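Chain lettering (A, B, C, D, E and F) follows the sequence in which the chains are written, and residue indices restart at 1 in each chain.
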Amino acid sequence: MSSFDTLHILNKSPEHPRAAQCLALLSKGDALLLTENGVLLLSAGRLPAVGKVFALSPDVSARGLGNPVGDVTVVEFGDMVSLSLQAQRVISW
Amino acid sequence: MSDTSETFTLVITGAPYSSQAPQTALGFAKAAIDAGHSIDRIFLYGDGVHLASALCTPPSDETRWPQEWADFLEQHSIPGIACIASALRRGLVNDTEQKRYQLPAANLLHPFEIAGLGEWVEGRMTSTRTLYFHAGG
Amino acid sequence: MSTLIMIDQPPYGSWSGREALDMAFSLAAFDQPASLLFTGAGVTWLKRAQDTAGIAQKSVERNLSAAPIFGIEAILADRSACQKYGLDESSLITGVTLVDANGALLEQYDHTAFAG
Amino acid sequence: MSDTSETFTLVITGAPYSSQAPQTALGFAKAAIDAGHSIDRIFLYGDGVHLASALCTPPSDETRWPQEWADFLEQHSIPGIACIASALRRGLVNDTEQKRYQLPAANLLHPFEIAGLGEWVEGRMTSTRTLYFHAGG
Amino acid sequence: MSTLIMIDQPPYGSWSGREALDMAFSLAAFDQPASLLFTGAGVTWLKRAQDTAGIAQKSVERNLSAAPIFGIEAILADRSACQKYGLDESSLITGVTLVDANGALLEQYDHTAFAG
Amino acid sequence: MSSFDTLHILNKSPEHPRAAQCLALLSKGDALLLTENGVLLLSAGRLPAVGKVFALSPDVSARGLGNPVGDVTVVEFGDMVSLSLQAQRVISW
């Protein structure tokens, strides 16, 4: 029933050591949800090669990153709830 | 929204006015309720216990996050628990702890309560999902 | 006695940038020369078109636009950090001066401080 | 130790039980006094205001940093000032602010006081050196 | 329902590692399987001969030595992080298992959590 | 009268972005004082090529780094006071 193995929720800016750790651990079949400062990865980093990438809409807008390019889906809080249930497990970085 | 109703335990470890964690957690909690799910409990840990302060007084044009959370908890009858060890170290106490340690005041905001990590363990066991809201950076 | 207030944290996710701004405004209020230097992820403070309606916080763009009025001498941003975050003249708010944040820059100030 | 006596303003922005900043600052302050210098004032900013809490109650085998600092300030008649904007946001209030905002309690530890950033600006101008003690990480 | 508690912060400079340990101890006290994984600068928790007399804090070495007694299943440390911080068998406390902190490791646990 | 141009006090672990920033800005004639988690640079990094390096004794001991190798001077709090006065300016990272 699960759409994803692990949902990784990343709320740290790309320069935070935990961001690098999260991206390094991402596996095929995982999903990455960028929240808070995590959305800055959309402007300052390469999106991971594996896994599906989501970004939380209010944080994307607050940081002036509306209409991001690349393979990312902008989602609302309701989708965050669904994603957390679709994944087999959730890790908040 | 969803076909089945699930339960969540939310753990908040980031303080208001220092991190965005309490805001993001509230956004998630409201969306979960809107989708027909329920919140089993909120557990405040580490610096997150500051969310239960009755004395936070931001400028009038800024959101009062402890009050926003307290209103939400009351409205939906959700227990909000601050970890006792984290709370005592950081100066967050209720009447009971005030008396026990002979402190000059109590500052816990209603309806938040103070209890041990067992509440977190229990929440993890009974909820479909446990989510953590840490300080960003 | 010129002071450089450094901001290396992005806005909204933490409060330290706002509190850095208050420090700079306070210096200016007491007629002490002060400038702001944005480095690292802190340069994302300077992005145009921040829409904070969804996060219930005030936009820092408005805070920053008040800086010259309050007497802040300069808003500086590290050039390489701006490049890293995809910020160029078209995407930066007005009034920002790009600099290289190096030892020579810091030596021009008597004091340098972070808010946290 | 030194031939001349100098003055210091110390700014603490890291909270106790979350960062090591208050400890390191106290080590520095004591060494400065021992060397014949003086401390003009201590200014608590950001999360550092939690050091002025009268309610911090760590386990009995851990150091009570707010009390350690309060004793040191009293012993050497050093003003310890918590920034009013940081303090109000984070739920740190004295009797005056309690009355002004009709809050249920006050929790400021004696002899800490609450005042504006002007105290920081003045400390910088009058002291030989101003040092900052931030949270680590 | 096995849980992995991750520690990526060094000891003493912050409290989050100690609070992570309390989480693991608490799980064990309720008979919930729990292991600790140290990564990044967090591996410096595991260095032998920490002398904390000068900083008025309890040594985390003693906290950690109690882990097996309290029922913690394993103390794991990321091999590459240990190398980075110059930690080998002679400088690590006893009872530490070196692992590669990768996706495959995390998949062995139902839950993974940080303390902050 | 000053022995150093700038005294840089670094209390962040080597993986913290501000540590990299501090080290990049170090100039000839500067001094670097490692405190708290900053002393971990002694085990996990290259000491800077320019400037004189000090490390605070109680923090070095607490982290099990007694008798560090390389060109570093272990100092007490009293020395930290002197260093802050000897430098023309102090930056706390």
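Assume a contact is a pair of C-beta atoms (placed from the backbone, for glycine too) under 8 Å apart; a residue touches a chain by one contact, two chains touch by 3 or more.
Predicted model, so just to flag it, every value in this text is computed and none were measured.
Visitor: Farthest chain from chain B, going by mean C-alpha coordinates, please.
Guide: F
Visitor: What whole-number Å value describes the gap between the mean CA coordinates of chain A and chain F?
Guide: Spacing between the chain centres: roughly 36 Å.
Visitor: Starting from the mean Cα coordinates of chain A and chain D, work out the distance between those two points in Å.
Guide: 39
Visitor: I'd like to verify one number: the distance from the centre of chain D to the centre of chain F, where each centre is the average of its C-alpha atoms, in whole angstrom.
Guide: Roughly 24 Å separates the two chain centres.
Visitor: Can you work out the whole-Å distance between the CA centroids of chain E and chain F?
Guide: Once rounded, the distance between the two centres reads 27 Å.
Visitor: Would you mind listing the residues of chain A that make contact with two or more other chains?
Guide: Counting only residues that touch two or more other chains, chain A contributes 11, 13, 15-17, 36-37, 58, 92-93.
Visitor: Could you check chain C for residues that touch two or more other chains and list them?
Guide: Within chain C, the residues that touch at least two other chains are 9, 12-15, 40-41, 55, 57, 111, 113-114.
Visitor: Spell out, as numbers or ranges, the residues of chain D touching 2 or more other chains.
Guide: Where chain D meets two or more other chains at a single residue, that happens at 17-18, 20, 46-47, 62, 85, 89, 130, 132, 134-137.
Visitor: Please list, in label order, each pair of chains that touches.
Guide: Chains touch in the following pairs: A-B, A-C, A-E, A-F, B-C, B-D, B-E, C-D, C-F, D-E, D-F, E-F.
Visitor: Spell out the part of chain A that touches chain B in their complex, as residue ranges.
Guide: Those in contact with chain B are residues 9, 11-13, 16, 35-38, 56, 58, 76-78, 80-82, 84-85, 90, 92-93.
Visitor: Can you tell me which positions in chain F touch chain E when the two form their complex?
Guide: Residues of chain F touching chain E: 11, 13-15, 36-37, 40, 43-44, 57-59, 61-66.
Visitor: Under the touch definition given earlier, write down the residues of chain D that touch chain C in their complex.
Guide: For chain D paired with chain C, touching residues are 11, 13-14, 45-48, 85-86, 89, 116-118, 120-121, 124-125, 130, 132, 134-135.
Visitor: Which chain E residues qualify as touching chain A in the complex?
Guide: 8, 39-41, 101-104, 106-107, 109-114
Visitor: Can you tell me which positions in chain E touch chain F when the two form their complex?
Guide: 9-14, 40-41, 44, 47-55, 57, 59, 84-87, 91
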